[in-house]
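In what comes next, chain A is part of two complexes: it sits with chain B in the first one and with chain C in the second one.
Right after this comes the complex of A and B.
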């Protein structure tokens, strides 16, 4: 009888982080199954073979190095500077996953020290991070946090030896080729340019006033739902664009406009085409879409 | 000599109809009067346009596309916003002088007989080419920091209402001076009203 293939050896290393991705990962409904096929040499929360101190002293080989949190050369983990620790672990692994927007692009933590903090491969849009020499090993899973199923998808693809097609920021196309707008339940309102007017309602589009970045943000939040049931736009709050290197922007809950015209167009749509189409759609008043469909006060 | 194509014939009908509509108004102009002016039978005219309303809609689309094309050229130029305002005012008044029937039609037929354009020309659909270019003009003016951010229609009304009003006064022969002599001061007024304070 053939012996069972060895479990993938994974190290989960944290940089400057809020632990959001760690906690997100714990919400993976298939985590139990995944853990039958992989072994965490180190994980900040899950039972694992090595403590952080042991990890730093042994600097073991691994199949996958997952990095959560932003990078700063002088930031120390168990007494070792991050530049040394990351470089040592990265050189001894086969695959590197930058988990979340801080590890991917610098994210929110970069805001505190823009000149010294970055992602592990990208510093915002520039591929100038400390692992730029190992670019081919890196897979980016941006998001604040990244969806747990995005990570288990990538781990399983690696485990099965499948090729993962990546975009310019090395994000898996399977997960990031479409925009968050794709699958949004509010698309009927987007088509007819009917604004939501409020947060938390089921009706209306959040793109015109409430700051939704779904039409120009890469991600599958409305296809692979959060906790299997929801997404920001489904809950009535705008997409904040957290998977993009530009995250975080400011004024996240209001749409930047110039003379009533959205400052950012839906991805790939020329301004002239968008305005012509939007003007036509706005010329019609679809009564059904302009009133509450479920009105508790009616 | 080659016979004119159907498209050429259509344009010549529209040109004549435009003159009649802008002079006589929508209701005074009839399909027989248009046919007579062109020198074709009424029956043949209906081969080109199935109704007077259809012809009227084609005309407004034609005019909006023409004005849109002119503003697009200005939008794509290297002028700053103040220069673009001057260019738009100049273009609009030039058309009002050289092809007065187009602006007359816009003001006296399209805007004055909205009931004719209710179906098929809802809202701004038939003038979309023109309005879209003005949206782009305003949006770029605000983005560059030259114009004050405000509601689009507040700015649109100020700009186009002003120009339309002057052309109307000129058409009524109320203006003491030639329309083009007002270009500089009008452009300046528009810029001063819209610019960043």
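Right after this comes the complex of A and C.
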């Protein structure tokens, strides 16, 4: 009888974080199945083989190192500086997953000290982070937070020995080649240029006034739904662009316009093409799209 | 003798410096939180509505409470600048449903991932991960996401209401989840019906319960800790919460609470040692959170336990479990009475017209959470946050210790003191935002 292959050994390390990715991961509905195939040498909340203190004193080898939270050289975990801790664990692992936008690009926490805080591989768009010498090992799962299914997908791909196609920020294309706009329930309103007027309605597109970044943000939020049921745009909230190195931008609930059209175009669409199509679409006034979907529902 | 314990498997990490006598009994404890992230400075200079995106990122487990606090703070800024802003009762109910869902998943995680695990470990019989508890908490997060779009880190509450526009489909899905969680609560957590549980009045009846809560109480009994953990017996609820008024309770009785009597003390904050400021009410330490809310809302089981044994570990643990029962029932009522014909959002004047000071207070999983800000024409010029753990885990002096400090003094050894510390449901990331 061939013996069962050994479980993948995973270390989950936290930098400067809110624990949002940890709690996002705990939402994974197939966590039990995943834990049949992998073992956490260390995790901040889940029962694991090593405490943080033991992790720092042993600096063990692993198959996958997951990093959550932004990087700052002098930030300490259990008394060890992050420059030492991260490079030691990273050099002894086969794969590194940058979990969430803070670990990926610096994210929200970079804002408090832009000169000293970055992601582990990227500092915003520049590949100048501390793991730049190990670039080939890093897979980026940006997002604030990252979706649990994105992580289990990557872990399972590694476990099955499959190649993951990556984009320029080393994000899996199967997750990030889409825009958040793909699969949005408001697509028809976008096609016919019907804006949503104000927040709190299921009708209308949020791209024109409410600041939605869905058409130019890479992510599968409307393909792999959040908590299995929804997404920001489905709940009437604009996409905030949280998977991109530019997150967080400013004035997040209003669309920046130039000559009264959105300043930022849908990904890859030339402004001239957009204008030609938008002008035509707008002129039709489709009655069904200008009315409430369910009339007794305010 | 001085020893330092690194407290892991909380939200983040903390260090407690224990001073003990020769037998190891704790004489004094200083709590240090080591990580500072500068959330308030990140908010300053930004457009006011950006707080609805930045503020939830204070905390991965209670970010939704931070969102609602920020939204209510923005609404108070409107009112304080003389502008009218109204919310439909539908919007208010939906905000309560999602906020209370966050409390429910938090309490279940604390019960199963922290308390049951740690007590079993101390008894030498470590447990494997409770997947059923994680499944239940993920279902509750799904319930919230039906309205808020996602959990964690939604930004669906805005001054004037909520961004979602639910239909009966979402309401029925949410009620289905409530039923499922009720079944989990009765068969797995309580080992009896919710109603039976709430009618219990004595410690011995709690000890004979068959569910996982009963196991925890028996574990803690075997550790000899049920009566330990007594603190000042001063309680505070500053936010609006089901069944609660805004009330402070101490040896002089029960009085209406006023956020104007809150102060912060930074005298213990020093570079590299701790970044947690103390939150004080009328210049002294008050306990906030589920135990305070249970006593303020006069929930019978917790009043009986408190009457018999004071603010002990048993009372504090049971208050969190009792709150799961109480809030789950409340979420069901809110869902059943939700009037979808009301507007979700009533547009207020543009935020750029607002210059004022204001604050918002909500009851977060661990207690009263305050967001306060000043705006100049819609831009944030100052922002300050007081989190629940600053009330419960602040450092006083040997003569006037903080709430958790006092609860730990007299514990037989560091391990037992650390367990008492965890009964407060420690969140380091919030404390040092």
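Everything that follows uses one rule, which is that the second predicted complex is superposed on the first by the 294 of 298 C-alpha atoms of A that agree within 3 Å, B and C clash if a C-alpha of one lies under 4 Å from a C-alpha of the other, contacts with A are read in each partner's own complex, and residues count from 1 in each chain.
In this text, contacts are C-beta pairs under 8 Å (C-beta built on N, C-alpha and C of every residue); 3 or more make two chains touch, one makes a residue touch a chain.
These figures come from a predicted structure and were not determined experimentally.
Engineer: More chain A residues touched by chain B or by chain C?
Structural biologist: C
Engineer: Pick one for A:31: touches chain B only (first), chain C only (second), both, or neither.
Structural biologist: second
Engineer: Based on the superposed arrangement, let me know which partner A:170 touches: chain B (first), chain C (second), both, or neither?
Structural biologist: In the superposed model, A:170 contacts neither chain B nor chain C.
Engineer: Check whether A:240 is in contact with chain B, with chain C, with both or with neither, and answer first, second, both or neither.
Structural biologist: So A:240 only meets chain C here.
Engineer: If you stack the two complexes on chain A, which partner ends up touching A:124: first (chain B), second (chain C), both, or neither?
Structural biologist: Neither partner.
Engineer: Which partner chains sit in contact with A:51 here, chain B, chain C, both or neither? Use first/second/both/neither.
Structural biologist: It touches chain C, and chain B stays clear.
Engineer: Go through the superposed model and pick first if A:95 touches only chain B, second if only chain C, both, or neither.
Structural biologist: Neither partner.
Engineer: Given the touch rule stated above, what does A:259 touch, chain B (first), chain C (second), both, or neither?
Structural biologist: A:259: touches chain B, not chain C.
Engineer: In the superposed view, which residues of chain A touch chain B and also chain C?
Structural biologist: After superposing on chain A, no chain A residue contacts both chain B and chain C.
Engineer: Taking the complex as given, what residues does chain C use to touch chain A?
Structural biologist: The touching residues are 6, 8-9, 11-13, 34-35, 37-39, 41-42, 46-47, 49-50, 52-54, 57-61, 63, 91, 109, 113, 117, 126-129, 131, 134-135, 137-138, 141-142, 144-156, 158, 160-165, 167, 173, 340-345, 347, 429.
Engineer: Please name which positions on chain B make contact with chain A in the complex.
Structural biologist: Result: residues 122-125, 128-129, 131-132, 135-136, 138-143, 147, 149-153, 155 of chain B touch chain A.
Engineer: Applying the document's contact rule, which stretches of chain A touch chain C when the two form their complex?
Structural biologist: On the chain A side, the touching residues are 14, 16-24, 26-29, 31-32, 35, 44-47, 51-53, 75-78, 108-109, 111-113, 144-145, 198-202, 226-237, 240, 242, 248, 250-254, 294, 296-298.
Engineer: Considering only the defined contacts, which chain A positions touch chain B in the complex?
Structural biologist: 257-261, 263, 271-272, 275-276, 279-280, 282-284
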